[in-house]
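Same chain, two partners: chain A is paired with chain B first, then with chain C.
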Partner chain A sequence: MIVELSVALGIGAGLFGVGLYGALSQTNLVMIIMGVELILAAALVNLVAFWRYLHPDAMSGQMFFLIVMTVMAVEMTVGFGIAIARFRSRGSVEMEEARELKG
Partner chain B sequence: MTGSYAEVFFLAFFGIAAIWFGIVVFRTHSMVRSAMALLFSQTAVGAMFLVMQAEFLGVLQLMMMATEMSVMALFMVMFMMDPGGMGAMDMSHQKRLSLWAGGIGLVAALAVSWLPDWGPVAQNIPDASRQIELLGIELLGRSMFIFESAGLTILTAMIAATMVAIAPRKTGEDA
Partner chain C sequence: MTPLALTLLAPLLAALLIFASRRMPEALALVGVALGLIGAVGQLIGVAGGGASSVILTFLPDMPIRLIATPLTAILSLVVATVSGFVVLYAVGYMRHDPQKIRFFGTLLLFVTAMQGLVLSGDWITLLGAWELIGFASYLLIGFWHDRAGVAGAATRAFLYTRSADLGLYIGAFVLIGASGTSEISTTLATTGTPALIAGLLLLVAAMGKSAQVPLQDWLQRAMAGPTPVSALLHSATLVAAGAILLIRTAPMLPGGALVAIGIVGGVTAVITGLIALAEKDLKRLLAASTSSQYGLMLVAVGAGAPIAALLHLIAHAAIKSSLFLGAGVFQHDRDGTDLDALSGAGRARPGIFAGFALSALALAGIPPLAGFFSKDAVIAAALASPAAAWLVPLALAATVLTGAYMGRALHVLWAGNNVARPKPVPFMAAGLGVLVVLAAVLALGFGPLEHLLDAELVEAGLLAPALGLTAALSGLALGWLVKPRRLMGPVFGWAQRGFAVFGGMETFVARPALAIATACEHLERWLYDWVLGFGRINLSLGWLARKIDITGIDGFIFGLVRQTINAGSRLRKLQSGFIHREMALAVIGMAVIVAILLAAPLYS
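Then we have the complex of A and B:
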């Protein structure tokens, strides 16, 4: 067992668990976005760990990192766009008050 | 082996810091403290990348997250009824289910991380300047289409978010 890789993947798993708890337990849209950011940070840790300890010569790992970072930026941009629209129309970004979005 | 011990120590140190600040994000009542805790968590993740000798990615993470979390702190203050957390409002629900989901996710991720045999660790790693050179070749060669698609996706998201956020113009009847 590679100790360095195991430590890095264990940290990634920890961040994933905390992020999942946060994304599911919070009622505020901005706090939910924070949970998703932690989950994506866990993915980034795993990608860099796999690149560093298994395939440092293949740059596709770092390429994948940039794509996940793009997803983080897009998720935040769209999330805050929706938050502004919601706050303007309803005066709140509490998701418990957004049941009508269920359809 | 000294380098390896130091690497494991600093990986664990910054990793535990990242998880600890991640927990603080959801435990504090102050929204500004939450945003700052997330900033520290992401900074610790960036430090882990530097320990793993991915200098470019580490610096990119630090710069991007510092900006992103500052913006997030501003939004927190704008949107929250009690951004300072003085009223100790509880803004969570289904805590038991979330704890179970987080715990099961953690155990599942640990199992798939630790059970397989990943093979030998790579000893030789390109230095920082060579990494950037190789990444540039990767971005403008084999992965160019994916890279360009990512840029286009960000542009689309920026336009979409701006359009969603713009206040609707009042018509003559509404005004």
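Then we have the complex of A and C:
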């Protein structure tokens, strides 16, 4: 059982690594958002794994998961909205060029 | 009642109309005084028909305003109305070219109203009110040409002199009201004993102020600064007469002591102001001093216990002196001044006016059959019959000699000298003058009926009084015509010219102490002012301190806080790169640090 938990956590860690790499290496906003989604997905895998293997009776874990997933969906919507707006106004979503927020 | 109201209200309404409509002042003034004159005549006819008429208006509780027309007040009112009527007629010509004649005629009529109010008043409150109005109106009239040098000072002087003497009237009137419990004059005249003596002496003080008796005579000569019709009116029947009228009206009450005081004051005034008149260098001022002198004679008559003689002399003098002033005004117009040197020969240039002037002058000196002869005889006869004859007769005779002397001198100056071109005729002035001169000449015919009307017999004159009076008058005239006053008066001349200023006169006795008090008050006030100012300064500096603390302390703290926050914000802003990968890398590094700390937990816990 501990082995299975470790496997699950390993998958989560792998997903996290892939996501982090994606978020840091990509210059396209859409790709960065996808990287961030992967990081969140890794966190969710960890959450589910802990719930499944340590406290399978507590329903709050599932509730928590659902809420986080909803937040993920909303966050995706906002992120892509920003990407579309930027594309419409500047014709590109390359983040190397987006330095307007410099203080 | 109707004539009484007409006498009083016609001039008042005319004055108000003049001030309100601001046009046709001459016509309105003439209509006003004419109606007043008709009212006064009607009043006298009513009184002669029998019984006094009176008007009573509600005023203070138990002290209504009373206006009464007894024989005495009706006669006085007629005198005032007559003189004011012809003076206004004359003033129409005199003031023809003055731009301020609306103010002039309005104030003049106001003055006439006040005088009628004084003459007709039946209670002390009304009399006081009218007395005040006279003082105020005379101040306005004397100061009419207030932009000329010295005129405002003369007006103020006249006002203050009479005003300080008025205190006597106030206290006297209230003593009488207090002693008899009513303000009705005829009732208060029943007062006897000490209150009557005190009140009598106080009223004498008031009369001395208004009638310009020694030592309060100085203001009258300076009041000549006003226009000539004003002088004529002030001197003959109104302002100056107010004092004598007051004493004549209260004469039944006056006890022996007060009478002697009145007689002595009057006699001394008659002589001293006669000397001043003789030494005077200015025609109008000469006439002014002569007015004081003649009112002194009236006071002698009152003091001798013969107020009727005083009344006769007042009436005669009213006509005579107004015509003298009107004549002087004509000469003044011709020569642009009233200095006797400048007027030399002015009479010869205008024989008609000079004849009128001379007739009045002779009447004043007391030459029969002119009015002045009879009235002056009545005064001398009264002085002979009085218990204080030893005092009064020499004074009255000396005053008569002096009257003759200064009138003779004036006539001599006006007649002598070079003839000059005939000046333009002055119809209005001549008309006013002519009527008054005729009155001055023939007024004596009215004295008999007047005595009958007043139901008072004069002292039987006999032969002594007319003989003495005529001798004195003739010798005076001869001296005045023939001898220069400097030789006639010898060492007294210079003294008289300075107005007999004993030790500085009124200036030393009244003005200096008053000034000293004023200075002391000023010091006190300055001290108080400094004190208040110091208090204010302390408060101001406290306020200044609070403001300083507010600005530098509290505001400085708050603004400093704001500034520091802004500074910190702008510094922190530099950390922002705006480069999303860098921010993300920083977040990862931060996470790595946290992970490292967490992983290292077994090492330090």
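Everything below uses one rule, namely that the second predicted complex is superposed on the first by the 101 of 103 C-alpha atoms of A that agree within 3 Å, B and C clash if a C-alpha of one lies under 4 Å from a C-alpha of the other, contacts with A are read in each partner's own complex, and residues count from 1 in each chain.
Heads up, the rule we're going with is that a residue touches a chain if its C-beta (ideal position, glycine included) is under 8 Å from a C-beta of that chain, and two chains touch if they have at least 3 such contacts.
Note that the coordinates shown come from a computational prediction; the quantities given were computed from them, not determined experimentally.
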*Based on the superposition on chain A, does the combination of chain B and chain C result in a clash or a fit?*
fit
*Is A:22 contacted by the first partner chain B, the second partner chain C, both or neither?*
first
*Does the superposition put A:12 against chain B (first), chain C (second), both, or neither?*
first
*So, does A:82 touch the first partner chain B, the second partner chain C, both, or neither?*
first
*Tell me which of chain B and chain C touches more residues of chain A.*
B
_Applying the document's definition of touch, where does A:32 land relative to chain B and chain C: first, second, both, or neither?_
second
*A:41 contacts which: chain B (first), chain C (second), both, neither?*
first
*Of the two partner chains, chain B (first) and chain C (second), which one does A:100 touch, if any: first, second, both, or neither?*
second
*Smallest separation in angstrom, by C-alpha atoms, between chain B and chain C in the superposition*: 6
*Check chain A for residues that touch chain B in one structure and chain C in the other, and list them.*
20, 24, 27
*Which of the residues in chain B come into contact with chain A in the complex?*
4, 7-8, 11-12, 15-16, 18-19, 22-23, 25-26, 31, 34-35, 38, 41-42, 45, 48-49, 52-54, 56-57, 60-61, 64, 68, 71-72, 75-76, 78-81, 91-95, 97-99, 101-103, 105-106, 109-110, 113-114, 117-122, 124-126, 131, 134-135, 137-139, 142-143, 146-147, 150, 153-154, 157-158, 160-165, 167
*Complex interface listing, chain A residues touching chain B*: 1-22, 24-31, 33-35, 37-38, 41-42, 44-46, 48-49, 51-57, 59-60, 62-63, 65-67, 69-70, 72-74, 76-78, 80-85, 87-88, 92-94, 96
_Complex contact set, residues of chain C against chain A_ = 573-581, 584-585, 588
*Residues of chain A defined as touching chain C within the complex*: 20, 23-24, 27, 32, 95, 98-103
